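The next part holds the structures, each set out as structure tokens.
Two complexes come next, and they have one chain in common, subunit A, joined by subunit B in the first and subunit C in the second.
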Partner chain A sequence: MEVSPVLQWITFGIFAFISIAGALGMATTMSMFRSGIFLMASFIGVAGLFILLLADLLALLQIMMYIGGMLVMILFMLLFSGDPGGAMMSTHMRLRGPEWFFSLGLARSPQSKADGNKDDSSPDKGNHEEEGEKEGNHGNDDMSMFTPVKRAAALLSVGIGALLIALLLWRPHWAVVRQMPDQDSPRRIGHLLMDKYMLAFEGAGLLILLGIFGAVMLQRPGKHPDPTQREDLQAAVDAPPAPIKTDSPFETAEPDQETEK
Partner chain B sequence: MMSVLAPLLALLAGAWLTAWLEPNWLGAGSERGPASPVKIAADVRLTQSDPWLYYAGPVIAFMGVSWAMVCIPFSPSLVGNDVNIGLFYFIVVVDFVVLGIALGGWGANTPASVEACYRTIAQLIAYVIPLGLAIIGPIMMARSLSTVNIVEAQANAQLWYLIPQPLGFALYVATGLIQTYRAPFLEPFAELLNRGVLGVFGGWKGLLWRLALSGVLFVVAAMGAVIFLGGYSGPLLPGPVWMVIKTVGLMALMVWLGRQARLLSTAEILMLSWKILIPVGLLNVLIVGGLILLGVGQEPFSPGADY
Partner chain C sequence: MIAIPLTAFLLVAAVLFAIGLYAIIAQRTAVMVLMGIELLLNATGLNLVAFWRFTAPQDYSGQIFVIIIVTIGAIEMAIGLAIMMLLYRRHQTVQVDKYKALKG
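Our next item is the complex of A and B:
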């Protein structure tokens, strides 16, 4: 298919922007769900670059893997994480730059703002600042996001990235091939998979099958449960939960005073 | 320009067709799911929504359906773009509807819509593998992934793939119903969940949801007509007319069949998928392989026969 060079450059720009902005958003947003969606957008941008390279089957495989697989992954991530929507983090932290931009609209609703400003005279104060005052650490952020370790890690990653890009640019000649790639790439890939690399392909299939069997076996309830173990588990479930320790002075202060008296 | 506008127009017509066909012609069930009458409510103002995802949801869902429309042929010339991996493109692009529902459900941030989001993703897991297994049969017989080539192969062999592969067709209808959230599988849009994402979207977003969810039944039925019922090929009448007749017939069949079963929960859908649909799909692939070895559905003129 003939595409004019201008259009090619525009398309390349759009897909490159999607993949880079998606990666940036993935790393900086406070919401787990948004983070996963941004990662998906980033990979879809890479799939667009594949299409631009006439590797359409590869691009579609990538999109299929990342929509189907990553949606399931996001689901499990939500089930396991405490604050998947990022509402608490984004209201407790003072955000700047890309973190602020990619966390826009998280728990900044008129409802929560009205609640937050109920006992505050100045209405233009932000919700998160008020929370900070209440906890008494207005100056420093309490969610341990801005630590020296983080800064060092960021510098290290920027250094490694710059090194990699420099190595790429250092190479003097990019090989330019005039030959057009095969238009019927799925047939070619299929023949390669079923002919030359059949052993590796079947091996991967067998491994996945074993994984499924393993998951099913782990999921099955045991036929001969150990009664003592079961009683221990039941006792652990029935036991009253330990009181939650928090750093907030308001919640821990009252029981402490009672015990001192 | 024509190739952009024609699929969109066809999709709008198809969405209207669905909205007309489902409630009026086939009678109203107690639960309608996404087939509820097209009534655009006033825009809902949610207090705790995630605004980015809330607005992205309906747009992405509609985008997926309109992209899927591109590779459906109404005649050899009346097709948006005859991609050489058309069928694979179709099953990939329709997944964007699920992504849109998940985004919208999470973004609206009401308990019912978030639960609808979870259940939608579970349904995605349930239908993807059986759908792939159902589609592999026609691909094996036609030896091509291009939708136009599949129709040509059926016309050359004088055989609809429905006849040698009834199991594959049944599988396609079942997974199509799961995919389009129609009658027995409408849990994410049930009244119990406040009609899922449809309950919390109004205005232009509600309109886009209705278009996407009506269009997805049309798109899935049209693709079923292409791969199992011979697409636009037929005697006397012109190609597009045959295609529309077959599509509407398949839509009616799917909706009617769906009304015959009781509603299933998501857990039951997953159980059905793993215990019945996937084994049936594997059996279907085995049978189709045997039929191809016997020469059924093969014709010297079929595209790709020289390989």
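Our next item is the complex of A and C:
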């Protein structure tokens, strides 16, 4: 059951790299579909860190809920609404740093090779991820999927990240307990959920139910029709019913033409 | 016994948090903003699990906290995507700065 420290560090490095590189790719790539895939990679990395922290139930929960649920929702949303950035953005904008790296292969851009040669900050180093974000692009930001304050946002996030890292490094000694958690932790969590945190559990269940109802209610069509549509609906309701033909069962004219308008 | 210090996990979580913040502020598409929020929640969960493992490994309340956070994140994602789809039907755009009607 004892894992050697070298193996632990290797595992930690791999999963930390996957999670951070995935997150950076999510934030900087030009294709939103690629963003979803990068986000999945980041979640898998965090799930690996959870397993390393002996929280295996949470790792399973992470993979099942985030990747099985939310990622499917995100990709469905992207297929529904189209990809506003994508290949066009990566051809018309000069990309630098991680944006160039994570948008590789999206389109045939002639200047990407020239950018790649003078791109000295290799964006896939696990610890120095944020320095690359300082370099904003000089393309036309108005058409892109980024807001005009992208440079300020990059500076702000780098600043906050540096502040957090500095605070963490400044206070290195936490009151760490040298104990191992129970090997049968899912059973313990289940008992806690059903015993001590029963109210929170029920509240979460109620919240999920309300969320399902809310999402379905929001998506129900025809709840608030436009005025023109309403007239059509009223006309369709007031119209006399069409006579039922018995010749062919496929040509029965039902008064549901309003759904086509 | 785990050989990696607590600070290493917290550093990863801090970097994830910063990247998520960047995604929220800099991205213009509503789906990307939601993805950034998910990243923030994920960083918080990593922090909680790391603190649970290193400071109170016999008390599983930290993991239950993470379970609740994941649940909240899933609901937020579902409702956010539903609202976004509604806005997309009305305005035919997914960019959040085009939703000026929501300003009130």
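Simple rule for what comes next: the second predicted complex is superposed on the first by the 167 of 261 C-alpha atoms of A that agree within 3 Å, B and C clash if a C-alpha of one lies under 4 Å from a C-alpha of the other, contacts with A are read in each partner's own complex, and residues count from 1 in each chain.
Here is the rule we use: a residue touches a chain if its C-beta (ideal position, glycine included) is under 8 Å from a C-beta of that chain, and two chains touch if they have at least 3 such contacts.
Every value quoted in this text rests on a predicted model; they were computed, and no experiment measured them.
Engineer: For A:43, is the partner it touches subunit B (first), subunit C (second), both, or none of the two (neither)?
Structural biologist: second
Engineer: Looking at A:30, would you say it contacts subunit B, subunit C, both, or neither? Reply first, second, both or neither.
Structural biologist: Neither partner.
Engineer: Once the shared chain is lined up, is A:188 touching subunit B (first), subunit C (second), both, or neither of them?
Structural biologist: After superposition on chain A, A:188 lies in contact with subunit C alone.
Engineer: Return first, second, both or neither, reflecting whether A:56 touches subunit B, subunit C, both chains, or no partner chain.
Structural biologist: In the superposed model, A:56 contacts subunit B only, not subunit C.
Engineer: Please tell me which partner, subunit B or subunit C, touches more residues of subunit A.
Structural biologist: C
Engineer: May I ask you to decide whether A:9 touches subunit B, subunit C, both, or neither, giving the answer as first, second, both or neither?
Structural biologist: second
Engineer: Do subunit B and subunit C land on any of the same subunit A residues, and which?
Structural biologist: 57, 74, 85
Engineer: Within the complex, which stretch of subunit A touches subunit C?
Structural biologist: Touch list, subunit A to subunit C: 2, 5, 8-9, 12, 16, 19-20, 23-24, 26-27, 32, 35-36, 39, 42-43, 46, 49-50, 52-55, 57-58, 61-62, 65-66, 69-70, 73-74, 77-78, 80-82, 84-85, 129-130, 133, 144-147, 149-150, 152-154, 156-158, 160-161, 164-165, 168-169, 172, 174-182, 185, 188-189, 192-193, 196-197, 200, 204, 207-208, 211-212, 214-215, 218-219.
Engineer: For a test of understanding, state which residues of subunit B touch subunit A in their complex under the given definition.
Structural biologist: 47-53, 83-85, 88-89, 91-92, 95-96, 98-99, 102-103, 106, 109, 118, 121, 124-125, 128, 145, 307
Engineer: Quick check: in the complex, which residue numbers of subunit A touch subunit B?
Structural biologist: Contact set of subunit A toward subunit B: 31, 33-34, 37, 40, 56-57, 60, 63-64, 67-68, 71-72, 74-75, 85, 104-107, 109-112, 183-184, 186-187.
Engineer: Which part of subunit C faces subunit A closely enough to touch in the complex?
Structural biologist: 1-12, 14-23, 25-29, 31-32, 34-36, 38-39, 42, 45-46, 49-50, 52-58, 60-61, 63-64, 66-68, 70-75, 77-79, 81-86, 88, 94-95, 97
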